[in-house]
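Letters are used for the chains, namely A, B, C, D and E, taken in the order the chains are written, and counting of residues starts over at 1 for each.
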Amino acid sequence: MIVDCAAYEAGRRREGELSLGRAGEAAREKGTFVWLGVVEPSDTEFNDVAAEFGLHELAVEDAVRAHQRPKLEEYGDTLHVVVKTARYVDPKEVIEIGEISIFVAPGSVITVRHGHADLAPVRERLEQRPDLLANGPGAVLYGIVDHVVDRYMEAAHGFDNDVREVELQVFGEGRNPTERIYKLEREVLEFQAATAPLGEALEELCAHNYPVVPEALHEYFRDVEDHLARVTTRIENFRQLLDSALEANLTQVSMRQNEDMRKISAWVAIAAAPTMVAGIYGMNFEHMPELEWTLGYPTVLAITLAICLFLYWRFKRAGWL
Amino acid sequence: MIVDCAAYEAGRRREGELSLGRAGEAAREKGTFVWLGVVEPSDTEFNDVAAEFGLHELAVEDAVRAHQRPKLEEYGDTLHVVVKTARYVDPKEVIEIGEISIFVAPGSVITVRHGHADLAPVRERLEQRPDLLANGPGAVLYGIVDHVVDRYMEAAHGFDNDVREVELQVFGEGRNPTERIYKLEREVLEFQAATAPLGEALEELCAHNYPVVPEALHEYFRDVEDHLARVTTRIENFRQLLDSALEANLTQVSMRQNEDMRKISAWVAIAAAPTMVAGIYGMNFEHMPELEWTLGYPTVLAITLAICLFLYWRFKRAGWL
Amino acid sequence: MIVDCAAYEAGRRREGELSLGRAGEAAREKGTFVWLGVVEPSDTEFNDVAAEFGLHELAVEDAVRAHQRPKLEEYGDTLHVVVKTARYVDPKEVIEIGEISIFVAPGSVITVRHGHADLAPVRERLEQRPDLLANGPGAVLYGIVDHVVDRYMEAAHGFDNDVREVELQVFGEGRNPTERIYKLEREVLEFQAATAPLGEALEELCAHNYPVVPEALHEYFRDVEDHLARVTTRIENFRQLLDSALEANLTQVSMRQNEDMRKISAWVAIAAAPTMVAGIYGMNFEHMPELEWTLGYPTVLAITLAICLFLYWRFKRAGWL
Amino acid sequence: MIVDCAAYEAGRRREGELSLGRAGEAAREKGTFVWLGVVEPSDTEFNDVAAEFGLHELAVEDAVRAHQRPKLEEYGDTLHVVVKTARYVDPKEVIEIGEISIFVAPGSVITVRHGHADLAPVRERLEQRPDLLANGPGAVLYGIVDHVVDRYMEAAHGFDNDVREVELQVFGEGRNPTERIYKLEREVLEFQAATAPLGEALEELCAHNYPVVPEALHEYFRDVEDHLARVTTRIENFRQLLDSALEANLTQVSMRQNEDMRKISAWVAIAAAPTMVAGIYGMNFEHMPELEWTLGYPTVLAITLAICLFLYWRFKRAGWL
Amino acid sequence: MIVDCAAYEAGRRREGELSLGRAGEAAREKGTFVWLGVVEPSDTEFNDVAAEFGLHELAVEDAVRAHQRPKLEEYGDTLHVVVKTARYVDPKEVIEIGEISIFVAPGSVITVRHGHADLAPVRERLEQRPDLLANGPGAVLYGIVDHVVDRYMEAAHGFDNDVREVELQVFGEGRNPTERIYKLEREVLEFQAATAPLGEALEELCAHNYPVVPEALHEYFRDVEDHLARVTTRIENFRQLLDSALEANLTQVSMRQNEDMRKISAWVAIAAAPTMVAGIYGMNFEHMPELEWTLGYPTVLAITLAICLFLYWRFKRAGWL
């Protein structure tokens, strides 16, 4: 489904939406480029686009089917860039991965998006920067990639919160956080797989002199690469923190088990005292002088109680109770 | 055993099966190439093929004996590519590794397969794409490698299911999943060993200008390389997830042990109360007024029961029962 | 906020503070350079500076917003270097990360700092070394980076103390150090993220022949690079030590649990003896000769006590008590 | 000790053993090369050889003292290759490492071996391949390295068996396999240290154009390199499997501890029932009607037994017994 | 403090000690070089040396302050090499790290040492090899580095012994080796930090054509590099073994805990039998025929004893006792 299709001349949007055919014509005009936005296209829909703009069979297949890795590929003078979008859904503690395929040719940019990514704000922001857009289709690529990496930062921020919550769970009282740690680890791995390969693609964008990426844009792409590197380092740190949290959690579980064991044992010891005393005076010897004393019973009860209190105090002082 | 042998001209299959001698001749014709499919050949069978097509002694040994690593080797103008096929047998949770040796020479492709791999669908699919086959023997290589890597994706999908099942076992009730996690880890390592080195071979295929791989095919091989990279990342993630699952599982085992210990201790404490009370009134003091009361016995029984119920309620509230 | 702005000629500071406009002029004089120090500037404040000195839009954004990675970027003949400052706050066991953005152009150095870093001592020390300052703006860059890396060494030293304290906690008696180990690990990861990427930037400074870094300074930067490498190795070692400490701690917890269990069991065994003996003589058989002996009761008490003492001695010898 | 010394001409062995002096002469003849096999030579023995063939002082020291890493070094036109031999001694589960130093000069091969390695089969096999030996001393180097790497495969196979046995021990009943896992890990590390560096040496053999390794042999060395890579991957996998086995084993130990604890607790609970009942009827109240019933005793015994059986059935059903 | 200062001509030591001024003169003579040995010099002492020999300010600072990483730096035609010396102090199980700074200029070698390293044996050994010393100051560098790396081998040997002792502790009876393992791990990390970077420096020494390192010495340095690689591999293996030992130790602790628990439980069960029997015959029923039997008491005692012995035998057979 085509969602927006416009021609840009000298960095400014020409009035009106273009049909697919008119778009193809405009793309061939000098000094003009077309930005065609497509959302989750069907095979037939996209085949029309591909025919009009001469896209390579394999790139088309990748763009329609999605589930690609982030990458940069060169088909003649067309660049095919795939980026993954990421959104952290906090209540579910799940990372949602989307995908944008971008075809950058000298006279056109075609963006194919899958999943939650929304490119309308990118288009808006870029249209307010004619100086940037004047650099041609490469500027659109920059705008999208910059936007996507900014979203990564936000997603990483969401993770950060949850990792800190998990830490509180590990070291505070409360329910067992093992499953939560594991689930976060799974999401972090997915996030990492979605973001890390983009770095290589961005590096190539600056290193090679692709005709659609004029040198004036190199600094912009380097800036994005840098932001990406920050995200990647943070994600890697999340993984290591979660690994350590898992192990720290195991230690805490063992600690708590030991504390419970001590508490239980202390009570068993306290209960053992009266049982033992009662056992002694339950013996049937004929000559047990205490049994005949008038105050024998209350005395023994009092002594037993004293022993129990003494034990309680000892265990309290030793930190077992 | 030769299973299929045909000549291709301008991307189309020539009518009829060829004998080995006729195949050699056809391979030497200009604009034609022969595709010879062999399955688990004996030494003597394959020596005939090697003699007819002039294959290198070492490559022949590798192809017949199998158990090679995925690799790409150049013997004169012949490329020898070894790929491992993978199939995930779900009921047994085992990865089955097969092997295909492919000799790509200017006028011929010889495929030697071991294990479960079936190349008939590849041949069929390629014969419907004369435009691709017109690129010569390299196109057959592409067809096979593409097919093999697609199978990897399926195998990875099978793993994914089992890893998720294992997670449910770790965090749910049920039998101890330790052995299952370990076995999956073993299979993942085998899968990884079978797939990872192929990446290097594919990279070389694009980087060098082998005469049998015309430039028009480079983009196809890069596409396969890309799919392979996705599989490899997933496999690596499986390993890390299984590692974490093993550790999470240990924590769960400790947690459950602690819960059991608390439950047991609670019952021991509840049982200790009547024993203690009974002990006291089992003492043989002559002056124990309660013993003479008419309602002494039922009263004591009631009090004991009350203590037990109170303890039960306390342990219930503390989550020990 | 501009905190210090002065012109330097032949390595010596010219008298008096400069206004922003005069600074721009001085920067264009031959043989002179301006050092402009800015602290946490607002957007508008820094836009004036950027306009006067012709800084690149992206670098300006990075400098004002901070939260960058350490990096080296070249915008025309201007170098933009970002370094992170680190300070270890011992009572809280937290690493405090600040940031300094340095723009080095042929006639000017602009330093933008965020957080706790104080550049006054650097300026002072450099002004006592006219021979160094005579190398131009690059010498200021060296002065700052050298100072920052020296602070890293101090921070690493602070960590070292705490790691050693944690070790004493793990292997001595005392409270559970799990949380402390984990927290230190978190800080180490942050420290590492702040310092490690600087190495690459320093390497580039020596490898490329940037016009603002004359060759005479290369040895100085290599020296800093070397000091940085020492810090990075130490930080990496902290991580590995803390990892091991976490595991050693788990073992110690298990050990202590086992010791407690043995101690508890020993006391239970000692208490079981009188209970068992008392049970036997509490039986109601008509023919139990011991019950009728005059000294039956004290004898049995004495024997029971002897059994208890014997058990106590046995457990003591076995190291259970 | 010289064990075999022969001259080879056009790939065929010349009749008769050579003395050391005659060997030196033969080495200087054109189209001929000498293969001198030495076993654990003393300093003086080998100094004679070194003088005759002009070996470098350092290489001589390495060859006599052994305990080198696998390596390839070039002294003038002489290559010095060190390979480690490996043999897995199954009953002791120990890897036995030997060493072969090979000096390959244009007219001679000198092999110095330490430890269990036997080169007689290599010599025999090579003498049956005059076509290979016609490539000169490099062919002997190939023969030895190929043989050594084949032995690695066998050693890896022996490991594989023991790793599988250990797995059975971990997941089956039986004695504690911790020590065995650890010992295997130690051997695997030693095996890895002995084999991994050889890869680099083999790579260099193909990459450089050493005069003693004619191009025709490159494919042979690449084949060996490939076999080595398979072994190295397997060894690496062993390490990871043993790591996982160690952790799985810990989990199994915890599981078994939990099972034991449940079993013990169940029996304690079953035994607590009669004790409690007996305690109640051991009380000395004057008004306990049950005590006077004629069938009181058997009834209570029967009830107690019923309670025990009920508890047994409950624990059985819950899987605690 | 200058400890030895002599001039060498054609590989032979000239008679007599030189004053600092005379040393500077001798260094400027052709065909002669001066070896000046300094031990832990004060700032002023070393400033005289630096002035006489024209050493770079930064190198001087490094040499006096010590605590550098191993490194190789080039200041004009002077090489500055820093190596760490290592000595394993067995009784304390501690690695002692020292440092040697070596300045190699065309006419002089200045060695500055800190810590325990003793260079006298190196000087002696070198003076017996005029052929080596004839290569100039580079030969002295070789002599020192070779000596230092040989000491590493000895230190690694010391570690090896302790690692093996620790293994015996882990798998045998005895005190808890956790702390010892951890401490060894700490020392291994320090050893690794001291040795690993030297490899890079040695590689550069061979790769670059430094004028003070004539090509004839390259093979010598490569030999040292190789020995270093062996040490580094061993150290890395120690780390991995200690990691595994830590985990194996945890498993052993758990195993022992389980064994203790079983033993304790077995004794508790054995003690529960007489208590239960005594409880039954302690009940006060009027109609308990056994109580009136003449042989009731001894019979019951005998039966109880039999039960206890039976339980003991069962537990013995099950391996719990």
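Convention: a contact is a pair of C-beta atoms (placed from the backbone, for glycine too) under 8 Å apart; a residue touches a chain by one contact, two chains touch by 3 or more.
Being a predicted model, the structure only gives us computed values, none of them experimental.
Chemist: Starting at chain C, how many touching-chain steps does it take at least to reach chain E?
Modeler: So the least number of steps between the two chains is 1.
Chemist: Could you label the chain D-chain E interface same or different, taking same to mean over half of its residue numbers are used by both chains?
Modeler: Homomeric contact, different residues on each side for the most part.
Chemist: Using only the C-alpha atoms, find the rotation that maps chain B onto chain D and quote its angle between 0 and 180 degrees, to the nearest 5.
Modeler: Between chain B and chain D, the superposition angle is 70 degrees.
Chemist: Using mean C-alpha positions as chain centres, tell me how far chain A is from chain C in Å, no decimals.
Modeler: For chain A versus chain C, the centre distance works out to 25 Å.
Chemist: Distance from the CA centroid of chain B to that of chain E, rounded to the nearest Å?
Modeler: It comes to 41 Å between the two C-alpha centres.
Chemist: Pull out every residue in chain A that's touching 2 or more other chains.
Modeler: Residues 247, 250, 254, 257, 261, 268, 275, 279, 282-284, 288 of chain A touch two or more partner chains.
Chemist: In graph terms, with chains as vertices and touches as edges, which category applies: line, ring, star, complete, or other?
Modeler: ring
Chemist: What is the sequence of chains around the ring when one begins at chain C and proceeds first to chain E?
Modeler: Traversing the ring with chain C first and chain E second gives C, E, D, B, A.
Chemist: Once bound in the complex, which stretches of chain C touch chain E?
Modeler: Per the stated touch rule, the residues are 167, 170-171, 219-220, 222-223, 226, 229-230, 233-234, 237, 240-241, 244-245, 247-248, 250-252, 254-255, 257-258, 261-262, 265, 268-269, 272, 275-276, 279-280, 282-288.
Chemist: Which chain D residues qualify as touching chain E in the complex?
Modeler: Against chain E, chain D makes touches at 56, 58, 62, 67-69, 71, 73, 75, 176, 178-179, 181-182, 185-186, 189-190, 193, 197, 243, 246-247, 249-250, 253-254, 256-257, 260-261, 264, 267-268, 271, 274-275, 278-279, 281-284, 288, 290-297, 300-301.
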